[in-house]
Amino acid sequence: MTNTQITLVQLDNYGPWTVTPNPRREVDLQTLQSRLYADLSQLFGTRDGYVFFTRFDNMVAVTNGVDAEDHARIQESIRNRYPVTVSLSTATAPSPADALAHATARLQEEGSAQDEDRTEALLGAPLEDDERTDDDLQIAHFDVNDATGEYTDELDAFSTFIHIEQAYASLMRHMHEEHDSLSFFVGGDNIIAICPAMDAAAYRDAIDAVRDDTGVDLKVGVARGATAHDAGMGAKHALEVCREEGTVVEFE
Amino acid sequence: MTNTQITLVQLDNYGPWTVTPNPRREVDLQTLQSRLYADLSQLFGTRDGYVFFTRFDNMVAVTNGVDAEDHARIQESIRNRYPVTVSLSTATAPSPADALAHATARLQEEGSAQDEDRTEALLGAPLEDDERTDDDLQIAHFDVNDATGEYTDELDAFSTFIHIEQAYASLMRHMHEEHDSLSFFVGGDNIIAICPAMDAAAYRDAIDAVRDDTGVDLKVGVARGATAHDAGMGAKHALEVCREEGTVVEFE
Amino acid sequence: MTNTQITLVQLDNYGPWTVTPNPRREVDLQTLQSRLYADLSQLFGTRDGYVFFTRFDNMVAVTNGVDAEDHARIQESIRNRYPVTVSLSTATAPSPADALAHATARLQEEGSAQDEDRTEALLGAPLEDDERTDDDLQIAHFDVNDATGEYTDELDAFSTFIHIEQAYASLMRHMHEEHDSLSFFVGGDNIIAICPAMDAAAYRDAIDAVRDDTGVDLKVGVARGATAHDAGMGAKHALEVCREEGTVVEFE
Amino acid sequence: MTNTQITLVQLDNYGPWTVTPNPRREVDLQTLQSRLYADLSQLFGTRDGYVFFTRFDNMVAVTNGVDAEDHARIQESIRNRYPVTVSLSTATAPSPADALAHATARLQEEGSAQDEDRTEALLGAPLEDDERTDDDLQIAHFDVNDATGEYTDELDAFSTFIHIEQAYASLMRHMHEEHDSLSFFVGGDNIIAICPAMDAAAYRDAIDAVRDDTGVDLKVGVARGATAHDAGMGAKHALEVCREEGTVVEFE
């Protein structure tokens, strides 16, 4: 069984800020959002966590091994360097989807994402060290078969993007509805999914569903680990085996 | 009629680099990609262009007003500061989709995205000043009606994300197929579309199509301008009018 | 004769901010300061200006060719992405020292650096295009002779640093007192000086004075240009000639 | 007694890189250097270490509590995101100056700073946890008395800078020669010194020496701690006491 610790990162009252007193320059917003995401990637990543940009104003982090003090420091570091602040809400569950649902519910109880008075909420109790095991996380790393040969070098860049995006939209929904998983596009033709203890058949079903739905062929490497980095790096190695062997699902 | 200048930004041989000699740490790739995007946003943005992160290894920029020398300098600045290089291919057409298709084709002729010997291609001829007009660009800024009240504060964060993502996947496809437009998710519940000279009825159709397809209600502000910033800022102001007036389509 | 346009960049009320309500974490301040400097380097640099970090809360930019609208946009971009704001004050004079003195005086008239009510001052009138010439700026690029062989590879890192720092402290003072120049340490063993129309003999005197004062041997490349980038790049090339020829002063 | 762990961070073969094949644009070098420094500040800082920019191509970090694995990961993270690599050499001694001298000597034995074949050296053994104590570090935070009122608001910006710089050059030399301390300018009018177990009289002497030498009046807060952050934050609080009480030397 997995035991996934998820932290929801929500920018406080961000929407109104972007248009007050007037709409802010889009390139500055894009720069702010992507740098804030990069910094969170480093701050959680240096503790072996992963962060996904998701909607940028609501990001999802996988934080097994990141304790309460670390969360507080990350929140402080953002406050010290950005014109916006973040709320952090953490929850743990065997199902990644449940963990994020609990984390979201706790934060919603504190107030709206656009509540001026709800700033820097810091909620939830990260796992204690003695509650953690070496296979708390299962991560699946998907990519598109021969994306460069089939798409990037063949179609115009937007048509390629549409194919990748439709495949992602299909996979994210299937994996959430059927398998309580959280799937994130991470650039190129790569999707990383945070999963419960799924087996190879379940991944094969997901790949079939996406092919049926969108015509895009995926493959996937899967691994377990104590942290997002451990499981995620194992999944990358397993995906390399798929590439070398021409297989579709590989477990580390 | 519009006259959209598009620049395709493609990282050179990036996929192989990410796994050579072994897969690189995901958080470092995420940091690299998002900072490179942020820098391009500033570099093009300071000349009133827009960049969209798209797949991160293939980004799309709207570059009316950015000349050949500027492109060369942007390419040089990335080379001086990153472990990867970028190729830039520029084309112009009344239809944004055509412009990107031409820019892609030119780059593909030079070699594959994974060709080790094709680095720092710099292709295409930006518009001369005397070829430009004040309404060369039409930009539409969409968002989700009451996204915070309907989704962010009500559903768990991933379910909200799924709704936004399905709406985006639907809109990007519809706008490309029906209207030769390039639509990009820019965070939160916002989508920016680079369009030809569409009228209000066409935007209403797009919004209806997305509602039928996904159940998500959009509204949109639209504006024309000589540069992405000019048109984009006009679209933001028009979207503010939608918010104030409760309307669904507003032109600046 | 030179005609140097200098912009003083002053963080608004920064000192109090760093200790309110309690002293902020030093590494966050260091990160904030160095990234703000990096961004200003890009924002001015993309318009061929130079910025020097100086004291970080007061930076000096050489801005020939950067107009009033550019200054306003740079100020706005910082406001949109940082928790602090900047005031900008610009002045022009044949003497770089005079230009900075005028820019400082204008800003001081508006209020103290720690005046809560003086935020985002934007002062001074940049040069009009028809007032500019191709040799408005003279830039000198100094470095230490064989710094790696004499110091970095021989002494411990702090002793090397002391030598470099004493040489810089000596040069900056001499060049300011004797030649109305503004000299800035830019890393490694490099010092860039913004000068009036000095001749080779004057640079030789400066190098002699630093050797007498500190025992450190410098050499220098000098060039003129319409912008900081033009003059600065010329100076770099002239310094390369010094390296190849074993000379001490070279003009482009 | 203190037990200071110092890590020398040296960019590999950086000087030649900056001029190969031609001198690189200065603003890009400035951006690269200051962002690399900012990233190291965060990477060490998240583990309670401090980094000082020093010469940018040679940086000094105070790394008590940062272990061998952390150092390796920091080195890897830079390689993954920058066009340059870093060597890291760590040593520990009661005297900060000795620790840095040892770290430098170890790195010099591996090859020159401009040796193409010496890349990513990773040297020295950080302290084990059971070798560490709560007062391994002593940090002193100096600033200039009423720098804003005496200098920033009164003199032109370069004259102020000269005063601050001369005071720093004097203090760094005095503290190194007399007290085996490593002093670093950190922006504004602030200097942070890594010290052995000095007493209040020794700090008073240092302040007197700087006043005699340069006419600039300093004050200082001092604290001990297990990490750079602990000692450094204590020193900041002690300096606040100086400000409130009008005193010149305060120990936490």
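To keep things simple, chains are lettered A, B, C and D as they appear, and every chain counts its residues starting from 1.
Keep in mind that, in the parts below, contacts are C-beta pairs under 8 Å (C-beta built on N, C-alpha and C of every residue); 3 or more make two chains touch, one makes a residue touch a chain.
Just so we're clear, the structure is a prediction, and the values are computed from it rather than from any experiment.
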| item | value |
| --- | --- |
| Centroid comparison with chain B (C-alpha atoms), farthest chain | D |
| Chain pair, A-C or A-B, that carries the greater number of C-beta contacts | A-B |
| Chain A-chain B separation of Cα centroids, rounded to whole Å | 22 |
| Inter-chain centre distance, chain A versus chain C - centres from mean C-alpha coordinates, in Å | 43 |
| Touching two or more other chains - residues of chain B | 25, 28-29, 31, 35, 42, 46, 77 |
| Contact footprint of chain C on chain A as seen in their complex | 24-25, 28-29, 31-32, 35, 76-77, 79-83 |
| Interfacial residue positions of chain A with respect to chain D in the complex | 39, 42-43, 46-47, 73, 77 |
| Of all residues in chain B, those that touch chain A in their complex | 8, 10, 14-15, 18-19, 23, 25-31, 33-35, 37-38, 41-42, 44-46, 49-51, 53-58, 60, 97, 100-101, 103-105, 108, 112-114, 148, 152-162, 164-166, 168-169, 172-173, 176, 182, 186-189, 192, 229, 232-233, 236-237, 240 |
